[in-house]
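Next up: the structures, one after another.
There are two complexes below, and they share chain A, which is joined by chain B in the first and by chain C in the second.
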Partner chain A sequence: MTKLLVSVENLKTYFALGHGELRAVDDVSFSVRQGETFGIVGESGSGKSILARSLIQLLPTNVALRAGGRVVFDGRDLLALKEKDMRLVRGRDIAMIFQDPLTSLNPVLPIGRQIVQVLRNHTDLSVRAARERAVELLSEVGIPAPRQRVDEYAHRMSGGMRQRVVIAIALACNPRLLIADEPTTALDVTVQAQILDLLRRLQERHAMALILITHNFGVVAEMCDRVGVMYAGRMVEQGDVRTLLAKPKMQYTRALLDSIPREELPRHTRLQVINGQPPDLTKRVQGCPFAPRCPDRLDRCDDVAPELTIVGGDHQFRCWNPVRAEM
Partner chain B sequence: MAGSGKAHMRQQQVLLSAVNIVKTYKSRSAKRVQALSDVSIDIARGETLGVVGESGSGKSTLARALMALPRPDAGQVNFDGTDILSASSAELRLLRHNMQMVFQDPLSSLNPSHTIFDIVEMPLIVAGRGNATERRAQVLATLKEVGLDGTLIGHRKPYQLSGGQCQRVSLARALILKPKLLVCDEPVSALDVSVQAQVLNLLEDAKVAYDLTMLFISHDLGVVRSISDRIMVMYLGKICEVAATDDLYASPRIPTPRFLSPPFPRSIPTGGTRRGGRPAKRRLRSICR
Partner chain C sequence: MRRLGTGFFIAAGWLILVVFLTAMAGWLPIDDPTRQSLLRMLSAPSASNWLGTDSLGRDILSRTIYGFRVTFAVSLGSVFLALLFGGALGMIAGYFRGWTEKIILAVCNVVLAFPPLVLIIAMVAYPGQALVKVITALSIVFTPSVIRIARANTLSFSEREFVTAARAVGMGDTRLLLRELLPNLLPTLLSYGLLLIAIGALAEAGLSYLGLSVPPPAPTLGAMMAAEQAYVLEAPHAVFFPALALFLTIFSLNVVGEAIQRRINDRERAA
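Presenting the complex of A and B:
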């Protein structure tokens, strides 16, 4: 078994809002090994993105927040680092790519300059050498005629090409961990497949670990080794991707999987729906956050938060009444 | 694929038929892009026709051309016995009471400064139906059909609702005139899977309750398969395959569907990723694109 690269322990990110404390990330623990792909799935508002940003301390600064827990990366607790030291980690050891490639690129700088910037910040390459490296990187992410495109501006490129540039910037310093927050959501389906394919090849070549955030179970099935399911700021289930998709234990995971139209079902089948709304994260929930919407709720689900159950070594979930394997 | 492209057309029980539709856009560089080249389709009464294709394949342009929003450059559209493209603007306005549309982005398709009541009532006012009391009752009833409580959310504005709720409001607005044809342009693409399932169920219910014929555009093959009776695959402004849903999924004749959104859980095609961009439209002349 390969070495642990990141281990997240009881991570909490609470925002102090006017009408209470919003528990965006509530007591989340997971770990990622070297070279592994860990998927994080969940609906909008479940805390996926805030979780990812909490790992590298890229959180909004205009609101008071309370953090807790530890993010141990390569033996160091990132939450304990000063901002000055954290800046050295970001971009060099851990890189992140975001959903919308247009807003994450600088509109008034040619793309090559943006890659050179990262290289000059983190390495001692000369301007000329950094520029050469930028061309190499663009060609590595599959941009045709990279020497010409290096002076191009982001608005002159298609969405897929922009996302390739963002990936090139992220890879500039050979990070050991790449966090990709919905990297393909804003892209066309065919381009989506190309970008995922590219990420997978680059990940192998650079022996990089990948944390992939998505709400698409198809992407999870294709890309991830292990996956965690977020609901209401908590990680309610995690485990090996095959086990989790085929035999989910937590009721929420099952409900989510059941709501996807599948090929083997007859046409015009009524899809399973999850009734109700996700809970308000500013209100403290005593029991399981999914209890009010759960079809197989027990009495204690409302009152006592489910403890972590571990089966088969790696499959963890929080549910008092787990899904039983069908006979 | 070869031939006139009309072999799939039928004669009986057709609600809408469109023949040889052409729509050309001028791009900024004064080059012409043929968004629809010679497209012919028909939809039978009570049928759901799914349209799939990647971005830019002409799906939305086709939906709009069928409603003359705007009119295509050439072709004929026959809706329930009336030739739409030769109708005057005034006649078109009346015709469109029978053909309604639901768009992709639930928030931007609703007027942000109007209340939900106003939004859903508007089609009735435009059509000049009923007095204020009758209209109010009908709005409440239609909102109830799509699972919304008008007394609770009627006075709110779109931004105060969730994406799924907004999409229900869009659907209520489309249904309130009791149309014959409902055109759904990617109605669930912007929604989470759990909400997507609710809206898809709602569409199936509405289809029965209102005796609807539907044109359903999506790039998600799983979704289209679940809701459609027949499926049409578009690529670069042409129809490249039309088949009954089950036949298409059992034995696709051309490779396009494989590139489209992955079905669950086989997901993204591994070996079949297309490299590079797709061919520019204007350069293409041959039949197989």
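Presenting the complex of A and C:
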């Protein structure tokens, strides 16, 4: 088994709001091995993005927050690092790409300059060498005629091209972990496939681990080795991607999988939906957060939070009434 | 993109001419602006004195050109200082938020609540070099509005994802402010600065009219008009020409400033 790269232990990120504490990430633990792809799925507002940003401490600075737990990367606890030291980790060891390539590039700087800045920030390359490297990076992420494009502005490029530039910036210093926060959500389906393909190729070439945040199980099945499901700030189930998709244990995971449209069903079949709303994260929940929407709820689900159950070595879930293997 | 039009080029041409004349004033074949001659008091425009002379027989063309020197020094100097300090403080307030922002905005409000003329009179009454005092006073008057514009723009740009993205690759606060945010603020700040230059020039003329700018014998446009007011019926040229030159200059500054602002807006919409 390959070495562990990151292990997240009981990570908590609570925001202090006027009317209470918002538990955006509540006691989440998982780990990612070197070169592995870990998927995080969940619906909007389940805490996926905040979880990702908590890892490299990129949270909004204008809200008071309380953090707990540990994020051990390479033997160091990132949460204990000072901002100054954290800055050295960001971009060099861990890079992150965001959902919307339209807004994640600076509109008034040529794309080449933005890559050069990152390189100069973390390495002692000269401006010229950094520029050469920027051209190399652009060609590596599949941008045609990189030497001409390097001085171009982001608004002259398509969404897919911009996301490629964003990836080039992220890869500039050969990070060992890339966090991709819904990297394809804002793109066309055909472009999505190209970007995912690119990510996978780059990941192999650079032996880089990837944390992929998405709400698309298709992407998970295609890309990930292991996957975690988030609901209401908690990681309710995680495990090997094949086991989890074929034999989900947690009721929420099953409900999510059931709500995917299927090709084999006749046309105009009603889509399966999960009734109800995700809970208000400022209210403390006694039992399982999914209980009010759960079709197979037991009495104790409302009162006692389910404990972590582990089956088959790696498959973990929190549910009092797990889905039984049907077939 | 809209065309700039003839009006813009006439205005820009006038400004270039005025700037050229004031910059080259020392080398131009014009009279010494302080040379008095009782023989040619209030003489009408002629071949030797193109715009005539004033009540002390001084050449009005040369005094107008030298007067613009003071006007431009004051308006450019005060706008430069206001953009420098206002921009920096505004960006700091908008970027760091919290207590820093509260303090900066509170000071801003205090300055805004102060009547500008009283502030300027108080400053000018203080001993020291007149030009420096006027520039400082006007820049203090201009700074709060620059702070507000810089802060508002920093706030809106800080929320954009590219700032988070830049933080995600390990950029520090200084680099973020200077490399990521400043280039985005520059167009807005500079186009506001252009309008401030017109306001500053007008303010200098007003102050010198009241005798609050650089003291005589140095020629200033306002002081020229104030001094020759008494003879306006016998020798209207002594008041008219400096006033006309000032009017054309302010008007041109506004035309050019507005055209540039429109350009920037168009470009931002296109991007």
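Heads up, the rule we're going with is that the second predicted complex is superposed on the first by the 327 of 327 C-alpha atoms of A that agree within 3 Å, B and C clash if a C-alpha of one lies under 4 Å from a C-alpha of the other, contacts with A are read in each partner's own complex, and residues count from 1 in each chain.
Keep in mind that, in the parts below, contacts are C-beta pairs under 8 Å (C-beta built on N, C-alpha and C of every residue); 3 or more make two chains touch, one makes a residue touch a chain.
Since the model is a prediction, treat every value here as computed from it, not as a measurement.
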Clash or fit, chain B versus chain C on superposed chain A: fit
Which of chain B and chain C A:A193 touches, first, second, both or neither: first
Contacts of A:R76 with chain B and chain C, given as first, second, both or neither: neither
Touching partner for A:I169 - first (chain B), second (chain C), both, neither: second
First, second, both or neither for A:V273, with chain B first and chain C second: first
First, second, both or neither for A:P261, with chain B first and chain C second: first
Contacts of A:P107 with chain B and chain C, given as first, second, both or neither: second
Cα-centre angle that chain B and chain C span when viewed from chain A, reported as a multiple of 10 degrees: 80
Smallest separation in angstrom, by C-alpha atoms, between chain B and chain C in the superposition: 11
Chain A positions touched by chain B in one structure and by chain C in the second: none
Contact footprint of chain C on chain A as seen in their complex: 56, 58, 61-62, 87-92, 95-100, 103-109, 117-118, 121-122, 153, 155, 166, 169-170, 172-173
Interfacial residue positions of chain C with respect to chain A in the complex: 97-98, 160-162, 164-172, 175, 179-180, 183-184, 186, 270-271
Residues of chain B defined as touching chain A within the complex: 54-56, 162-163, 192-198, 200-201, 204, 219-220, 222-223, 225-229, 245-246, 249, 259-270, 273-278
Touching residues on chain A, where the partner in the complex is chain B: 43-44, 142, 144, 158, 188-190, 192-194, 196-197, 215, 217-219, 221-223, 245, 255-256, 259-263, 265, 267-274, 277
